[in-house]
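Right after this note come the structures.
The following pair of complexes shares a single chain, chain A, combined with chain B in the former and chain C in the latter.
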Partner chain A sequence: MHIEPSFHKRYHKALRDTAMLKAVKNGTGRLRGQRATAIEGVGAERWMEFRNRAEAIRLHVIQHLDQYLEQLVDNVIKNGGHVCLAKTGEEAVQYISELAKKKNAKTILKSKSMVSEEIHLNPALEQQGCNVIESDLGEWIIQLAGETPSHIIAPAMHKNRFQVADLFNAVSEEKVSTEIADLCGFARKYLREKFLGIDIGITGCNFALADSGAITLCTNEGNARIISTLAPTLVTVMGMERILPGLEELTVMLSLLARSATGQKLTVYNTLSTGVRNPEELDGPQEFHLVIVDNGRSKQLGTKYEKILNCIRCGSCLNACPVYRNIGGHAYGWVYPGPIGAVLSPLYQGMDKYGELAYATTLCGACTFACPVKIPLHDMLYALRNDKVELEKTGGLVEDMTYKGWSAAFASMSRYRFSIGMARRFQFPLVKAEKIAYGPPPISDWLKHRDMPALPKKFFHEIWRDMKKDGKE
Partner chain B sequence: MKASLFVTCIADIMYGDVGKSVVQVLRRNGVDLDFPEGQTCCGQPAFSSGYYKEAAIVAKKMIEVFEKSEKVVIPSGSCAAMIHHGYPILFANDPIWKKRAEEFVAKCYEFSQFIVDILGITDVGATFPKKVTYHSSCHMTRILGVEEQPKTLLKNVKGIDFIELPYFFDCCGFGGTFSMKMADISGAIVEEKVENIIGTGAEVLVGSDLTCLMNIGGRLSRRGVPVQVMHLAQVLDQGGGKNAY
Partner chain C sequence: MANGIVTGNREAFFSTIRQNIKTPPGGKAPRVENPMDGLFTQRETTVEDRRELRERFIQEWTTLGGKAFNIKDRAELSQAIKQIIQERQLQKAMCWDHPELENLKLEEIFSDTQASLSRWPLEKNYSDWIGKAASMEAGIVWSDIAMAETGTLVLPSSSPGQPTTVCVLPITLIAIFTTAQLVDGFTGVVKWFKERYGTNLPTTTTFISGPSRTTDIEMVLTIGVHGSRYVYALILDEA
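Showing the complex of A and B:
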């Protein structure tokens, strides 16, 4: 999938894609509605308690990340697994590619993993001749379409059932109808057969438990559980921050994750897997590899953005975001869209590449309030903008001039009153019936979609003076 | 009770009438109100764009202007939120100004918050027999935490037919410079808001933030939708009130 380098062009393309926008509005509308119902069920106060606890757990883990990582790695190895600590995405891809070569793997089945999308794992494996199949329904749909996920938990949210039927019919021998039940039925049958010939299974990781080395996988389709049961060689790819101390913390996170993501009380399948099978066990992998990916994460530790590592990838901030709802996920450009993506992309991939995303927000704060682990997303968006101004010494030429001029004028009442007086005097060519509908840049941008009231005959400070004169003071 | 009005730049420049209504409503309800000279803007435009230094220059000026005020009333949720949430960030590393900012923050109230929480009044005695809906602005509800006060005041207006706006908590798409920088996304968001407003069948849209109202009102005007847009103070100023002049 070709990705247009300019955010401006990407979102304009999105704004023209009416089918996609309709699907995204439906999808996000449903998810946030379900979430709201779930929270109502819990009660606002208790929900807040839950969030506070979850935040505290995540903060604690991130503050002691080195310790927990060490404990996790020790336990995975004790359980008979192998661990790869990958500093970069390339290192992780290389490790898995070499493993696939060594195993002479033909068929690789995957369950949903955003980190694998982040490090571009599939193309690398495909290039060396592996048949990589996504087993999560949404992931499989976008794989068939040759696209990337547009939503963290619903990767094919941007597609409607007609588009999905077209994709399925391209690989199906019999005609698949556009009915949801038929579509699901076909996907189930098609993918089930693939599970049997599996050489390597690759899963993501919702949470890794440090005290046992167990990997928690949450799916509604059960596909990750099948993979972790059937694959002779199992690879789990995880972001280095996705750790919890143990089961007690997991129970809190699981109930928050499900409710925030889809409004479910609990995800349908919650699988805890400790890696390789014991000699007396009949199933489970014979070999287990845990690939822990840094790829820009550790450099957030100790910075004002550290809390971004609290994220549990529930997708709730996407559904809450008015910008996401109106442009969909692909416009953001990197794997993680929405508010979390607008913060993560510049932090992990660089301001030069994704700095624009810090401006792809109305700063309404809906994301921060939707976040189950209380990441102050909108504060971080402010901070990123400030970083741009301070570190790059410019927020753009026009902006630099505007705000320097603004602060000079607005720090002094006389200069302020003089400037607004001038504006009132010279607005007349633009005013018609007390409003402005056409004008030069930059107000032309405002006027594209709305009118602007003309500056009135009297400013408030003049009205105040008159009120005083009238003896109403 | 003594209080000072921080009318905000948007009200001073664009909506003098709103300022006038604020004054009238507060005075009718027993407030001894003054309007300190030297006030301009809370600094939000620069702060939101990442220009903290420039914002701090103007913010310091406001702190000085209101130094002697006992309480400060602000008819704009986002400006009040800027002071409460933004000033501590601006002066986090400046102990002297941090302290002065904290003192300022502690006495700043949004208009409806001041009436309900400080004056303890939930019915100002206004009359407004119209079908009305209310847009909850983002910074006022989420950052300042003032959500119910304006609605309480509205619902107690005599003759009013209050209809809850679907998705009242959704952003209107203004977002400061966002509305110009990403005009087309902003346009799509405000269109959703306008559709929801039309759906209520309300004659009047009320809000507590003039920039949001300018955005929504501008879209309504462009589409020729005959919904009137009013600041809460203008509604509370209707029908004389109990201590009308």
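Showing the complex of A and C:
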């Protein structure tokens, strides 16, 4: 799928897609409502306690990431699994591609994995002749459409039933109706056959547990557990930050994840797998490969953006964000949409490609408030804007002098009053009906889309002072 | 079991992480001691408490879209199973090889009906059992522990007789347990896991809260996409 390099063009394209915008508004509205009801059920105070605890857990893990990852690696290999430590996405893709070649794999089934989207795993496997099938219903829909996810937990949120029916009818031998129950029924039947012929299963990882070497898979549909049960070779791809010390911490995260994502008390299926089956067991994988991906994550450690690694991918910041709700996910360009995507994309993929996303925010803070692990997303977006300006400032003498002069004038009360007084005196050629609607360059650009209120004859504090003088206070 | 292999430069991978982690002023964030304290219900329960938990479980389970039966004796168990066989028009079911299920002599109940019951393993070889397992219309499991506050079954594959397949493939899931298995929530589950397994967890443990669901098309809730569409909990009285 071709992705337009300019954010400006991408969101303009999105704004023209009224069917998509309607679907996204409807979807995010529902998810927000469900989340609010779930929090009400817990109680605001206890919910805050959950968030505080989760933040403390994540903070500790990220600041001790080396220790927990080492422990995880040791436990996975002790349990008989293999580990690939991939510094880059390419290394991870190469490892999995070689494995597929070695296994002569024809049918590969996947459950939802944002990391695998990030490293472009599917095209690489398809190129070597594997039939790679996404088994999450939403992911399968967008795979058939040749698109990328538009929402972290509801990837096909932007599609309606008619579009889905068209996609299904293109692969179905019998006509599938546009009834949602029929569409889901067809997906079950079609994908069930594929599950039964699986050569390799690839899953994401919601959380890995350091102390036991187990991985946790959370799905409402139950697709990930079919894969982890039936695949003779199981590959789990995890972002290296998706780790917790043990079961106790996991219970806190699972309780937060489900409520934040969909408003459920718990996801329908939470599966813990230690990988390779015991010799006397008949189901479960005979081979397990855990692929731990860095791909830009370690660079965030120790920086002001370190807390972005706390993210548990619940998607609640997307539903809260007024920008996401009005442009949908594809406008963000890379794999992760919404506020989390606006922070992750420039950090992982570079400021040159995705720096503009720092402006895909109103800085209202709704994302930060919604985040179950308390990532200060809007502060990070603001910091990214600063970084972008620092990186890109043209450094011209005029620009420097203007900002320095402005800063000097506004830093002292007397200078501020003097400059405002001067502005009030000399603004008259531009003022019309107490507004400034037009002006000379460079402010003409700014005024193109908005008016600026003219400076009033008297400010509030001056009126106040006069009233005091007149004894009218 | 033979140890697995690590691919990639382990030393380089971890030294990058170690170098980048900086200790912030005030030191690194400490490990959260007892992370569950105060968030989940913590208590020892009596038989009476657990009967109340049964009501809570049933309430949550039915809200999620499951069906639950409160069972006093064998006659009621037999009646409930026959009702499910009738409701779902079952012909073929499979069940775990679990001592608790064996005590219930489910085969006797099934022998009175049109449905057959097969105990795991169905066959020894994958190519032989997978087709049979896929054709099963119902799977019967014993829930070693169940959480009332969320309506959740906890199913560890703690022995080869308790494979995940039985609760993964069939469209109907029947879980049987007694009130003695009921805990409030996660605190009881973690305690049970620690006592039973330590950190040596079984190959697979599944937490199941209701039937399989999706809202991936137009955010409309649809039941039974990949997992079970019909889920039944049969709760026996422990006395």
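Keep this in mind: the second predicted complex is superposed on the first by the 390 of 473 C-alpha atoms of A that agree within 3 Å, B and C clash if a C-alpha of one lies under 4 Å from a C-alpha of the other, contacts with A are read in each partner's own complex, and residues count from 1 in each chain.
Here, a contact is a pair of C-beta atoms (placed from the backbone, for glycine too) under 8 Å apart; a residue touches a chain by one contact, two chains touch by 3 or more.
None of these values were measured; they are calculated from a predicted model.
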Using the superposition on chain A described above, determine whether A:177 touches chain B (first), chain C (second), both, or neither. neither
Check the contacts made with chain A and report whether chain B or chain C touches more of its residues. C
With both complexes overlaid on chain A, does A:437 touch chain B (first), chain C (second), both or neither? first
Touch test for A:272: chain B only (first), chain C only (second), both, or neither? second
Quick check for you: in the superposed arrangement, does A:281 touch first (chain B), second (chain C), both or neither? second
Under the stated touch criterion, which partner chain does A:407 make contact with: chain B (first), chain C (second), both, or neither? first
If you stack the two complexes on chain A, which partner ends up touching A:294: first (chain B), second (chain C), both, or neither? second
For A:191, using the defined touch cut-off, is the partner it touches chain B, chain C, both, or neither? Pick first, second, both or neither. second
Which parts of chain A are touched by chain B and by chain C alike? none
List of chain B residues in touch with chain A within their complex: 7, 9, 11-20, 23, 35, 37-41, 43, 45-55, 57-58, 60-61, 89, 138-139, 142-143, 169-171, 173-192, 214-215, 217-219, 221-222, 245
Over in the complex, which chain C residues touch chain A? Could you list them? 1-10, 12-14, 16-18, 20-24, 28-32, 34-36, 38-40, 60, 64, 121, 124, 126, 129-130, 134, 149-152, 157, 160, 163-165, 168-169, 186, 189-190, 193-194, 199-220, 222, 224-228
As the complex stands, chain A meets chain B at residues 11-12, 15, 322-323, 326-327, 359-366, 368-369, 379, 382, 384-390, 395, 399, 403-404, 406-407, 410-413, 416, 420, 423, 435, 437, 442-443, 445-446, 448-453, 455-456, 458-464, 467, 472
Residues on chain A engaged by chain C in the complex (per definition of touch): 23, 26-27, 30-31, 46, 49-50, 53, 56-57, 59-60, 63-66, 69-70, 73, 75-87, 91, 95, 135-138, 141, 154-157, 159-161, 164, 180-181, 183-184, 187-188, 191-192, 196, 211-212, 214, 220-223, 225-226, 228-230, 232, 240, 245-249, 251-252, 254-255, 262, 264-284, 288, 294, 298-299, 301-302
